[in-house]
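Have a look at this one.
Labels A, B, C and D are assigned to the chains in the order they are written; within every chain, residues are numbered from 1.
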Amino acid sequence: MRIAVLCSGGDAPGMNACVRAIVRAGISAGHEVIGILRGYSGLLREEFFLNEQGQPRMSLRSVSDIARRGGTILHTSRCEEFYTESGQKRAAEILRKYKIDALIPIGGDGTFHGAVALAKYWDGQIIGCPGTIDNDLLGTDYTIGFATAVHTAVDAVDKLRDTADAHERMFLVEVMGRHSGYIALYTAIAASAEIACIPETPTEVSEIIRQLHELKSRGKTSVMMIVAEGDERGGAAALQKALCENGCPFETRVLALGHLQRGGSPVPQDRLLAARLGDFAVRSILAGKTGCMAGEQRGELVLVPFEQTYAAHKPVPQELVRLLETLAS
Amino acid sequence: MRIAVLCSGGDAPGMNACVRAIVRAGISAGHEVIGILRGYSGLLREEFFLNEQGQPRMSLRSVSDIARRGGTILHTSRCEEFYTESGQKRAAEILRKYKIDALIPIGGDGTFHGAVALAKYWDGQIIGCPGTIDNDLLGTDYTIGFATAVHTAVDAVDKLRDTADAHERMFLVEVMGRHSGYIALYTAIAASAEIACIPETPTEVSEIIRQLHELKSRGKTSVMMIVAEGDERGGAAALQKALCENGCPFETRVLALGHLQRGGSPVPQDRLLAARLGDFAVRSILAGKTGCMAGEQRGELVLVPFEQTYAAHKPVPQELVRLLETLAS
Amino acid sequence: MRIAVLCSGGDAPGMNACVRAIVRAGISAGHEVIGILRGYSGLLREEFFLNEQGQPRMSLRSVSDIARRGGTILHTSRCEEFYTESGQKRAAEILRKYKIDALIPIGGDGTFHGAVALAKYWDGQIIGCPGTIDNDLLGTDYTIGFATAVHTAVDAVDKLRDTADAHERMFLVEVMGRHSGYIALYTAIAASAEIACIPETPTEVSEIIRQLHELKSRGKTSVMMIVAEGDERGGAAALQKALCENGCPFETRVLALGHLQRGGSPVPQDRLLAARLGDFAVRSILAGKTGCMAGEQRGELVLVPFEQTYAAHKPVPQELVRLLETLAS
Amino acid sequence: MRIAVLCSGGDAPGMNACVRAIVRAGISAGHEVIGILRGYSGLLREEFFLNEQGQPRMSLRSVSDIARRGGTILHTSRCEEFYTESGQKRAAEILRKYKIDALIPIGGDGTFHGAVALAKYWDGQIIGCPGTIDNDLLGTDYTIGFATAVHTAVDAVDKLRDTADAHERMFLVEVMGRHSGYIALYTAIAASAEIACIPETPTEVSEIIRQLHELKSRGKTSVMMIVAEGDERGGAAALQKALCENGCPFETRVLALGHLQRGGSPVPQDRLLAARLGDFAVRSILAGKTGCMAGEQRGELVLVPFEQTYAAHKPVPQELVRLLETLAS
């Protein structure tokens, strides 16, 4: 078989570990693995990864020592054209032209929407791997990159805590998550933050002010608040403004972590998840499966139809929302 | 209620995050939390953590900013005396003297053996938290400290890979695990090591030599081998000797990571697990439970009778043993 | 003698290591060390660090294990009142009241201005230590905190490079330095950035655009630009806007590192510098010196009159400006 | 001109940053740079670095994004043959055969001995760069790799401190330095260790025991001792034995950091030093210089004849020996 792999959408740490597992699992099972560069857009432009002999085929060696690297050796992109019917038809033709039997796209919900659209015009097998720091895909407990993003955010909050303590200030730290509070909630608990503002729960300024007064009255001199970029107040800077206008009892500072959360060497948890899912994606293809994402649920590897992965909003665990309140007490 | 907490056995990163959660959960539910210093040995010597007012009672403030610290503010120890009947009787008396209603010991199997023995002479409630880097307790998927130990080991192997590549050498890296291959196996996969030698599977020198020749013939110039200290060949140095005497095709070096794996700021995964289990232990006590470890299985919080946690050897996942072979191909 | 120490102005990693050295050097020479909390403002409010016995005196033990912590256990602040004559007079009175013989303020140029003003009304000895991440004080090659700030910035740029490469983008990373390009220049060279925009050299948008086109034509697919917050174009966001309006050939993203650069465990270089300068400050006081900053020039410890430390702008090394151009070629 | 570069001896973090600077400085001045693989041994085997077009010539692109990587893309080795007359003659012939005008070897004293021997049979220019973690070369204040080795060692001691505190133990941490106490001394001060045992000063067991009793009597419950591998007692394990046999008042553990100190991403200080020295080496060659090491003394770039770099033992700063004693008080 000839199996192609690509990364699409925002990059996520661990994508390389996933590519490595796909290449190693594919080759060790006696198949050929093709790396498509720059996601769907590179597919439309017929751009392939060249191995050390200059051939458009990934070798065992071409993935040596990449698992610990951030970013992706295949590069990634967002592709407008692919989201048109003509784009999808052309992509299908190209896949046929290069005699590709199966495709493993690594990415998030946009990537999987694309996969579903492609399947209308192409009858090769498609198994996706969840590569996105947001952890917003249903059907898998964790996505590749999420653990590293949380690690980076927690490390940043730890650093800010030093300077917040020294100056007795409050920091509003904005983390990624346009529609999801996962990174914010995990970061808040792991970094011992006092408050998390997430899209999933209402952010009442008056209630926060009340809480801050209580924290102050109990002797807290520094406060860390984690704000998901998608919080309905409009992110950390907007929230800071609202708090200041309503009598915030602390001097405040804002930091938006932005793309820092996408970079860096993936943490072991992400490398392991990526390796397991990449290997499982190949095995699923060899078992004849298609139209699904390879995911992990409660420790087990599972296949989940693409449509289910983005059918609804993935709720944050209420247990953790409650836990944060208890710990911040 | 008056709830006591102690750390016992080898320290594990995340113990502080667990103590913090216990203190915050206990106090926020209206109860008193007592910190016992130096494990069972400190209990026998009636040594308690003093808060900022010098009282033997933990305050909200006494656990401020500790979750990110390695080690444990309660200190820990191994205690011979407690493993005698007279020691256990005296410990029970002391717990009665201080009117302690419930005890939360954080530690590994030795700690839980102690808890079971204590329960023969004391009728307070006991709920344990799994704090050990080895991840060798049945009834919980992960123990507090395991993820950080793997992180530290992977970081070390990443560093050694640089110098192994530069010199085209093989490194044998010894990680902790007297009876368990968990750290070795997770480290090997996450760090892209070629081979793991663990107590759970036979380590045939001739088979390893064969594998090394194969790796060499495929062009590998550096090799990383992860050896659990409890591997039946007797650790990394013993294995190195055996390999060299049997025609190892690579120049070799050994590094034993030792106590490095116990230290350092706990990774977010451990801080989160510690917070969840500490909070759950308190809630379990308030619900009248006793004689159990608070654990996490497939994402769910569970109570597991102490006796079950050490009743048998916790097997390493065969899926991962197979995965390592595929990836090292 | 009774020697007081305080931290003032923005906090800098390494301040704790400096406090530790002052306390240890003072006590081991047979003197008493008093810790003043919250800088000049705490001095005016007579706030002192209490040791483990509750006394307003620092003990050997009160500085145990603090050298590796960010922030400062003495806390810091900026104090309006102290910059008035009446504030300075009152501070002098308080120092006399507590029979303080010598003062070691740790901070930047504002702190040293304050020291000079205080000396008009107080005849105790004053020796300052340069604690500021900006490295903008004349008379010392490096200030305490600078190396850590560069380390944090380089680590961030390394992380962003991963994602920049994956997406083939340009990042504008804003680092601290209201009047100084030190952090920007050092970060740019150490992180292999292509361009640095600093207050000391003109930032011509058209010239940058030309350079970017050249980089693109040579095959560069990702670019890192380091922008000092005090660059005359007004920081990274303003520069991004100007570049985009003038035909920037790369897709761009901005990240402002902000207070991240102040936090975190100080790097060894800062801990060592802090220890050397703290010890030297004490020895200078014992030798009868006053009115000077303890600095390091070309490896040697030196005393520099406060007035000279802020008399002029500290120029960035032209050698490094040239080097950056060569390396980015 | 055709300038060749090679790495020789033990690898050191920062070698890649140095290679990058040499390639960029050489090419930007209009010259050709050849990368010799595996040091002098690769020279004898005529092994060259191939660029992306398969040519034995380094391109700007072949050094993209390498400055932050540990190890060396040129690989390194120790070469017996080169230390014979016939080996040196053959090396000279090969350099003539490939029309190489100048050679930049990066390494330590063995490397520079080799350079001096080669110069007897080859009349090309030779300028060396000091790449060794030991910082044992005269004529430069710091060598490339030293700062990173100290960083790694300090990070390890910080981690061990956590577990030492939790258990109230003493750790003997062995760091590199067969003849030099530089790494041990810098690590000890930066990591707040209590004692350093280095080759340069006598290590009296009875005196250490006395000191340990004093520390214990002052209430210290954990102690960190840094031992250079070349300490005259024979390293950490030998010292531990001697201490235990002579009544050590602490429970002890040993950790040898070994090759960990060679690996990892170079810290900014090393990347900067490597860039400056690599660039300066090229400029020195273009200025007609030969037979020297490019070094940095008191902030200035200098050329030092090879023979002087290993003519005597480089003494450790007595100021720091004294400082350690003061701080450990």
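Here is the rule we use: contacts are C-beta pairs under 8 Å (C-beta built on N, C-alpha and C of every residue); 3 or more make two chains touch, one makes a residue touch a chain.
Please read all numbers here as calculations on a predicted model, not as lab measurements.
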Comparing centres built from CA atoms, which chain ends up most distant from subunit A? D
Could you figure out which pair among B-D, A-B or A-C mirrors the C-D interface, over half of its contact pairs being identical by residue number? A-B
Per the centroid of Cα atoms for each chain, what is the distance between subunit A and subunit C, given in Å? 35
Whole-Å distance, subunit A centre to subunit D centre, using C-alpha means? 39
Can you give the whole-Å distance between the Cα centres of subunit A and subunit B? 29
Which subunit D residues sit where two or more other chains touch them? 158, 161, 165
Footprint of subunit B on subunit A - complex, ascending: 20-21, 24-25, 27-28, 60-61, 65, 67-68, 141, 147, 150-151, 154, 158, 161, 165, 186-187, 189-192, 218-219, 265, 267-269, 271-272, 275-276, 279, 298-299, 301, 319-320, 323, 326-329
Enumerate the contact residues on subunit D facing subunit B in the complex. 7, 11, 13, 15, 38, 69-72, 75-77, 152, 156, 158-163, 165-168, 171, 253-256, 258-260, 262-264
